[in-house]
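One structure is given below, represented as structure tokens, and several questions about it will come after.
Order as written gives the chain letters A, B and C; numbering starts at 1 within each chain.
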Amino acid sequence: MRNKLLRRLSSGLLITAVVAASFTACGSKEDASATTETASAESNEDSTSDASSSAGFRTLDEIKESGTINIGVFSDKSPFGYVDENGEYAGYDVYFAERIGKDLGVDINYVSTEAANRIEYLQTGKVDIILANFTVTEERAEEVDFALPYMNVALGVVSPSDAVIESLDDIGADDQVIVISGTTAETYLTKNYPDIKLQKYDAYAEAKTAFENGNGVAWANDNTEVIAFSLENEGYTVGIPSLGDNDTIAPAVTKGNETLLTWLNDEITSLGDEQFFHADYEATLLDTYGADYEDTLVVEGGKVQ
Amino acid sequence: MANLGIDVLFKGTNFLRLLQGLWVSVEISLVSVAISILLGLVVGVLMTFNKLWLKAILKIYLEIVRIMPQMVLLFIVYFGTTRVFGWDITAEAAAIFVFSFWGVAEMGDLVRGSIKSIPKIQFESAYALGMDKKQTYFYIILPQTIRRLIPLSINLITRMIKTTSLVMMIGIVEVLKVAQQIIEANRKASPNAAFGVFAVVFLLYFIVCWPISRLAVYLEKRWA
Amino acid sequence: MDINILREYIPLYKDALFLTMKIGWQGILLSLILGLAGAAILHFRIPVLKAITGIYIEIFRNTPLLVQLFFIYFALPKVGIKITAETCGVLGLGLLGGAYMIETIRSGLESIPVIQTESALSLGMTKEQTFIHVILPQAISMSVPGLLANIIFLLKETSVFSTISLMDLMFTAKDLIGMYAKTIECLFLLVVFYLIMLLPVSILGSIVERRMRYGQFGD
């Protein structure tokens, strides 16, 4: 009897101890949220929680003071923003992000975004800059502030080479076109071609895999992206290379974040002198596109030709 | 095997990153379970009290947890709170908050159930022996409930680990997101990577959850 | 919150609700069929099938639905097995649910005292008759609260369908937020529509549970 009681008591105590131990472990974890982000291969520095002070964004000085800038990039959109086999972020957008970090003299904390989250991340101050192939549109400009552009873009449609879609009229009533949620392709097709059935995905990796698996007759997205896909993967043709307006891609900051916006604009203008974005193209996009697209894609010094 | 795309996992640090991603999931669930057990004990005891307003609040709380998908709660906490209250919380904190919110309710209900399941005679005997209420709870009732609760809370751990697959949606780079990144970075070299990588992720989840749920079953049988 | 935006979005959410319900209930039906079949197999200890059922339960109970769906939808086509997103949703939910339904129905079966079987057999009923007419009806009524809890769980799990391009409630909310950034309205409608879908089932669950308790009381 006594033995039983003792055993019960000790088991009870043991549980309490275990629970208490794990609780303290979690307490120390909260302020070192970096550990949970190890997979992103960049240290977090807990910079996001510092942001709470100002009204939804951090000014240039606050960023400099904290020593870390949060930049939202894609992690699955090769060759613009992706993670290579060693866990490092890479691509055209990331090359520019690295330079921003260097010129500001701060560390970079990359935040992996999906297309549909980009505005949300800025408006909630969870990132300072979005550098995720963000096309400038009127609707978006009401929600966030765009800096000067650094790339040209239009929409494009890629389809399997044995059933090329050359006009949107080729798309049958039951055919589905793959788009990525929150991209300009989605908005454009929803607005101008409401009859086309769209199959929507969150992430680039998912959309591309579904397209490869033949779940849709075509994939509509930024033409840069679909051209890259047709060049990198055999058996696909870009039937519609340019659709809708010619747009540009630019960094975006939270609406009203004047100091950071001004700094970014100055940075982009001055980088034009050293032909920075041509160097960026040659480092990250040349393998995919070859030299032919360099002048059509790159916007130097924020000035569209 | 090469054409099934398992080979991409041996390139660079890919496999290690996948494991790190898995650890992120496990870590979030362990922290949440710890919080759930502690607060769940408190909430469970509160649930046995006979106060009308307390009962009403706890009932609403339970019902919210029961009805709202965890993904909805994640979105509300991560994006909604910033919008409405201007709080800025990290994705990890949001995830831990949501999982604890869910876990505390579940644990609370389990604790209530096991306290209720303890025969009344136990209370009566303890009082007859001259123990007061506090002593009765601490020495007689709680040790018995805790033993019944252990298998159930171990079960909760596996359910949490499984549910952490959703945190990808609020930008936490966990095992599934890493899987997508690997597939994307190697699309050209191994177009079938989706099969191998997702198969391995499937297996990894199983390897983590299966032993834990077996342990729960074993303890349940032994201590029942 | 802007009433006009709510009014504009409600039809979209309504469509999403119908899709969610359609796939959800088809999946639940499949899970009930699997549950009954699996529970019967375990109850009668049919060799080989029993082992397969055991493995099936362990696999689907110990992996997340999201990962199961990713595997079925994105990985299987790479080895030539291709199915549409809707079928994948029904299949995924059904397979996951089946693993839980089997356990619930089986514990219902186990709760029926052996004497019931013995009495039925001694009355000259065959094994099959005993199972279908005596054991199963009681077992199912015993498992109803558990089954309803599973149904709520499965309807909630439909929220992960958004990842395989099904326009369910969750996806509609995410998509609208991505396009127009009206976060508060979108999240509000999301909560309202989940309430519409799940509150009735949940209330039904509480009523049934209370009835069951009264039912046991006289025993």
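Definition applied: a contact is a pair of C-beta atoms (placed from the backbone, for glycine too) under 8 Å apart; a residue touches a chain by one contact, two chains touch by 3 or more.
Being a predicted model, the structure only gives us computed values, none of them experimental.
Visitor: Chain contact graph: line, ring, star, complete or other?
Guide: Topology of the interface graph: complete, with all chain pairs in contact.
Visitor: Which chain has its C-alpha centroid at the greatest distance from the C-alpha centroid of chain C?
Guide: Computed centres place A farthest from chain C.
Visitor: By the contact definition above, name the pair with the higher C-beta contact count: A-C or B-C.
Guide: B-C
Visitor: Return the distance between the CA-based centres of chain A and chain B, expressed in whole Å.
Guide: Taking the average C-alpha coordinate of chain A and of chain B, the gap between them is 29 Å.
Visitor: Can you work out the whole-Å distance between the CA centroids of chain A and chain C?
Guide: Here the centre of chain C sits 35 Å away from the centre of chain A.
Visitor: Report the inter-chain centroid distance for chain B and chain C in whole angstrom, where each centroid is the mean of the CA atoms.
Guide: The computed centroid separation for chain B versus chain C comes out at 20 Å.
Visitor: For chain B, give me the residues that contact two or more of the other chains.
Guide: 79, 83, 169, 194
Visitor: Considering chain C alone, which of its residues make contact with at least two other chains?
Guide: 74, 78, 174, 177, 183, in rising order.
Visitor: Could you say which residues in chain A touch two or more other chains, in rising order?
Guide: 117, 120, 123, 202, 206, 209 - these are the residues of chain A that touch more than one other chain.
Visitor: Any idea which chain A residues touch chain B in the complex?
Guide: Spelled out, the residues of chain A in touch with chain B are 5, 8-9, 11-12, 15, 19, 22-23, 25-26, 29-30, 33, 35-41, 44, 46, 48-49, 51-52, 55-56, 75-78, 82-87, 111-114, 117, 120-121, 123-126, 202-206, 208-209, 212, 232-233.
Visitor: Touching residues of chain C toward chain B in the complex: what are they?
Guide: That would be residues 58-59, 61-68, 70-71, 74-76, 78-79, 152, 156-160, 170, 173-174, 177, 183-184, 187, 190-191, 194-195, 198-199, 202 of chain C.
Visitor: Under the touch definition given earlier, write down the residues of chain B that touch chain C in their complex.
Guide: 4-5, 63, 66-72, 75-76, 79-80, 83-84, 158, 162-166, 169, 176, 192, 194-195, 197-199, 201-202, 205-206, 209-210, 213
Visitor: Can you tell me which positions in chain A touch chain C when the two form their complex?
Guide: Touching chain C: residues 115-120, 123, 139, 143, 178, 181-182, 186-187, 190, 199-202, 206, 209-210, 213-215 of chain A.
Visitor: Under the stated contact criterion, what part of chain B meets chain A in this complex?
Guide: Residues 8, 11-14, 17, 20-21, 23-24, 27-28, 30-31, 33-35, 37-38, 79, 82-83, 86-93, 96, 139, 142-144, 146-147, 150, 169, 171-174, 177-178, 180-188, 191, 194.
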